[in-house]
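Across the two complexes that follow, chain A remains constant while its partner is chain B and subsequently chain C.
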Partner chain A sequence: MSSTMISSHIPDLDLITTYAQREGTFFSRVSPWTKFSGLLLVILLITLTRNLVICGILYLIILGLYASAGFPVKKLFAWYTLPVLFVISLVGIMAWTEPGTPVFSWTLGLFTLTLTNNGVILIVTLLLKALISVTYSLFFLMTTRYQHFSAMIYRLFPTPLDQIFLLAYRFLFLTLSMTGAIFKAVRSRGGGIIHSIRIQGQIFAEVFALVFIRSFDRAERVHLAMISRGYSGKYEAGTEIPRPGLSGMVVIGVFCCVIAIIVLMVPNTGGIS
Partner chain B sequence: MAHIHLEDGSFSLFFVLVWWAAAIILVGIAIYLIRAEKKPDRRKITLAAFCTAAAFAIFQVSIPIFGGVHLNLTPLIGILAGPAAGSLVVLIINILSSAIGHGGWGLIGANTLVNIVEVVVGYSCFRLLKSTIPAFLPRAGIATIAGLLCGNIAMILIIVISGVQGVNQSPGQILAGLSLIAAVNMGVAVIEAFITGLIVAYIGKVRPDLLGEEK
Partner chain C sequence: MTVIRRDPHAHCAPVDPERELIHVDCASHSYPDGSVGIHDMCFYVLKDEIVALCGPNGSGKSTLLEHLNGLLTPSKGDVWVNGRSITHGERSDLWKDVGIVFQRSDDQLFAPTVLDDVMFGPLNLGMSHDNAKAAVMGALEWVGAADLVAKLPNYLSGGQKRLVSIAGVLAMKPRIMVLDEPTSDLDPLHSERVEALILRFKREYGISVVIATHDLDLAARIADRVCLVRDGSVFAEGTPCEIFYNPSLIREAGLALPQTVRIYLDYCTAQGREPEQRPIQRDELIRALQSSRSR
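The block that comes next holds the complex of A and B.
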């Protein structure tokens, strides 16, 4: 657990960046553009397919890639908490009214809730899709250097969006560290003890307000420092991003063909319209 | 959380593209408004960047109320950064959030639209209520509730229009299920409104200039 880690169920950006900067895996040497194309294709595939088997296979392949790179799998499962919560929030209620063969019934006063096979499939499919997306995203983050991400942001987004993004990405680590430090200070002074909602809310509100105020103070200082070093309103990220190699292009080409075959031939695909 | 982040695979490709296009148009308008300023204030960009970083960092914190609550603080972003820069800030937060699995990449468009509604309504209410309710705490609280309520309505509309992939229910049945989710979200929104009110009151005491108001 790094010093900046605030909740154990939220991905630890320090740890993720450490893996990325260490470049200890084969995948770190793959072009960021190849991995980015892979991300787009993964998202396209899970948007197009509703087939549980395909989602299951894709999830296992991506989990395998993640684990083979030596990344922490236990932590990954803890980081799944919020994506799982979001999916359950969305379809957890809808699943109970989904038509199909009943697998479980629950009588609540005058109402009878029935969970059908289609309801279960719906939850599992959407869960798998969310887990595929988050696992590949983290794999991408943990195998791509900070400088390459910055350069991609600079090339992909228009001004001033790229400027805000680049500065925010740079400040993010400072701000996370500052937030973690403030919470450590609050806890060491008894702030971690459960109080009433009002007191708890007040403590957290003051910490959050302090984070914002300190962030703005720092922003003003950084801005003046940047001006004194010749900042003219354009923050550039000129790092050369490695181009996709032949093998990378082949992998992407094969992935495109696989998606085309799945869309054309496998049942329960075609979430186009 | 006061609203949910839609995950990848929830919508069909058509609606993924529709909501992305709508978000790009709104973000494009925000970029145009910032670029069209007669005297571009470079400091605003740095402040928006720190606002993004602070909001993203705070989102990571689980508040130990009712088993753990995460705040989105989108209306607060609107109050601090304004609607134009705020729209860019929420887009970036959605991209960063997608990178760690809090919302899907394909659903960034839909999630950003919901957040832009919260930013714009939060900002507008906070400014419009200035003469009626001068005190920061109730004004920011009301602006937050209004922002999150409209955000929830936007979320419901987006889901009802798009439908959820694999759900074989009528829009009416989907609406009934979503109303329950929205009711839970609004319960959390009350906590967020209370905390946002306290945050704005604190900022108003220490740095009222950040709220665009004199001491």
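The block that comes next holds the complex of A and C.
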């Protein structure tokens, strides 16, 4: 468990950045612009398609890329907890109202809830879409050095969004590290063992209150340090981002063609239905 | 120079107007919660000197340092930097003259990479991107951290973070460098490196240096002048020899004597002799002990 890891179900920012900085995979040498274009195209495709097979194949391809890069697959599955909960909490209700062949019925007093085959497909499709975007985003972050990522933010986002993102980086690390340290201190004195939900809840509330206060204090210190070096509201990223190579452009071109073919030819993607 | 004991409420006239870069005249500052940061503080910095502000925690050293860069302004009294009053005048570009290295590097390093962080100051000075990059590389090489240029601050050790923090200020080429507890939390190797850098600032760049520290060994090794701070004001000042061979002053400041002084005084006591010399540096101590034995 890395120092900033709070739970195995929350993506470990420290670990993700460590992989990115290590540049140990073939994909780390691919231009960040190529990988970012890939991310946009993946999002475009999963937005356009409702086809379960396409989503399944795309998910397997991306999972394959992730695994072939040597990234931890078990951890990835643990990190899926939050997106899965998010999708289930949203689609869980919608799925029961989908028309189709009943698969499962549940009678509760006067009411009968029926889950249809279309409801199940809806849940699985949306779940796959969420996992595709999460897996590719993690793959992108774990193969792109942070300096390139931050420089991309600086070039792509308008002010003040770029400033917020750029300044948030260190702050996020420091806050996570602070939270991790406080949790360690709590655990070291037996605070991690649940005796009562009320007491545990109180401890967590106190920890987060402390983190909030300390973060605020730290933000003030950082701001002061920036002013001492002439900060007047504008901060520029100085790193240059590697340009996409010919092979990268070809891959993106091919991906665009594949998306066009899928959109035109495959049912539930705008083509024949 | 002899030890000067300061009267708490007396105004201080400039000591050497020709060479004076900073002059703090009876400055006071209280924080919003009512706690006193500095109180009737008198202090000055001359060209080409290293001044050590020594005092226990909470004595007002850091508050004074933040006044020198214009981050804080006194509620009473005045602070002059390069002949300009920061209390009544313009202080927005004071950061160009006075660079400050904070006690905790994590408070200072905010950018995603070392390059971006060190480049922050030069870009704010209005340098072009290429010139700023050259200044960054020059500063990082000078502090011996050029290999860290592409690293993320999050993955640096405490010592490396301190070197990068120093480079971030040095890249702006200030006339005065202010360092808050420059060697606190550092391993001995990095402490020595930082110490050597401070001496080189003065020797190679002609930068005047102010350090705030409660490490009197450090002050003894590098300072030209030592100011003892207590309850928000400087109550005594002098050369390291004068200050550190006055144990009652050090006790009054709530500090402990530097190792070299303690060893020499303990040796003289054990030998039943009066201290004849005043060694401050390690080599001076060795010579003093040798000459004492040969007698």
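Definition applied: the second predicted complex is superposed on the first by the 256 of 273 C-alpha atoms of A that agree within 3 Å, B and C clash if a C-alpha of one lies under 4 Å from a C-alpha of the other, contacts with A are read in each partner's own complex, and residues count from 1 in each chain.
Please note the rule applied: contacts are C-beta pairs under 8 Å (C-beta built on N, C-alpha and C of every residue); 3 or more make two chains touch, one makes a residue touch a chain.
Predicted model, so just to flag it, every value in this text is computed and none were measured.
In the overlay built on the shared chain, the residue A:174 is in contact with chain B and with chain C. Of the two partner chains placed around the shared chain by superposition, neither chain B nor chain C is touched by A:109. Using the contact criterion defined above for the overlaid structures, shared-chain residue A:238 touches chain C, although it does not reach chain B.
By the touch criterion defined above, A:230 reaches chain C but does not reach chain B.
Applying the stated contact rule after C-alpha superposition, one finds that A:21 touches chain C and leaves chain B untouched. Touch criterion met: A:222 reaches chain B and chain C at once.
Between chain B and chain C, more residues of chain A are touched by B.
Once the two complexes are laid over each other on the shared chain, residue contacts for A:150 go to chain C alone; chain B is not touched.
Of the residues of chain A, those at positions 166-167, 169-171, 174, 218, 222, 226-227, 231 touch chain B in one of the two structures and chain C in the other. Only residues 66, 69, 71, 93, 95-96, 99-100, 102, 104, 106-113, 115-116, 119-121, 123-125, 129, 132-133, 136, 150-155, 168-169, 172 of chain C touch chain A when the two sit together in their complex.
Against chain B, the residues of chain A that register as touching in their complex are 6-7, 9-11, 13, 39, 43-44, 46-48, 50, 55, 79-80, 82-83, 86-87, 89-91, 93-94, 97-99, 118, 121-122, 125-126, 129-130, 132-134, 137-138, 140-141, 158-161, 163-172, 174-176, 178-179, 183, 194, 197, 200-202, 204-206, 208-213, 215-216, 218-220, 222-223, 226-227, 231, 233, 271-273. By the touch criterion stated above, chain B contacts chain A in their complex at residues 4-14, 16, 27, 31, 34-35, 40, 42-43, 45-54, 56-58, 60-65, 70-71, 73, 76, 80, 85, 88-89, 91-92, 95-96, 98-106, 159, 164-169, 173-174, 177, 180-181, 184, 191, 194-200, 202-203, 206-207, 210. For chain A in complex with chain C, the touching residues are 14, 17-18, 21, 145-147, 149-150, 166-167, 169-171, 173-174, 218, 221-222, 224-232, 235-239.
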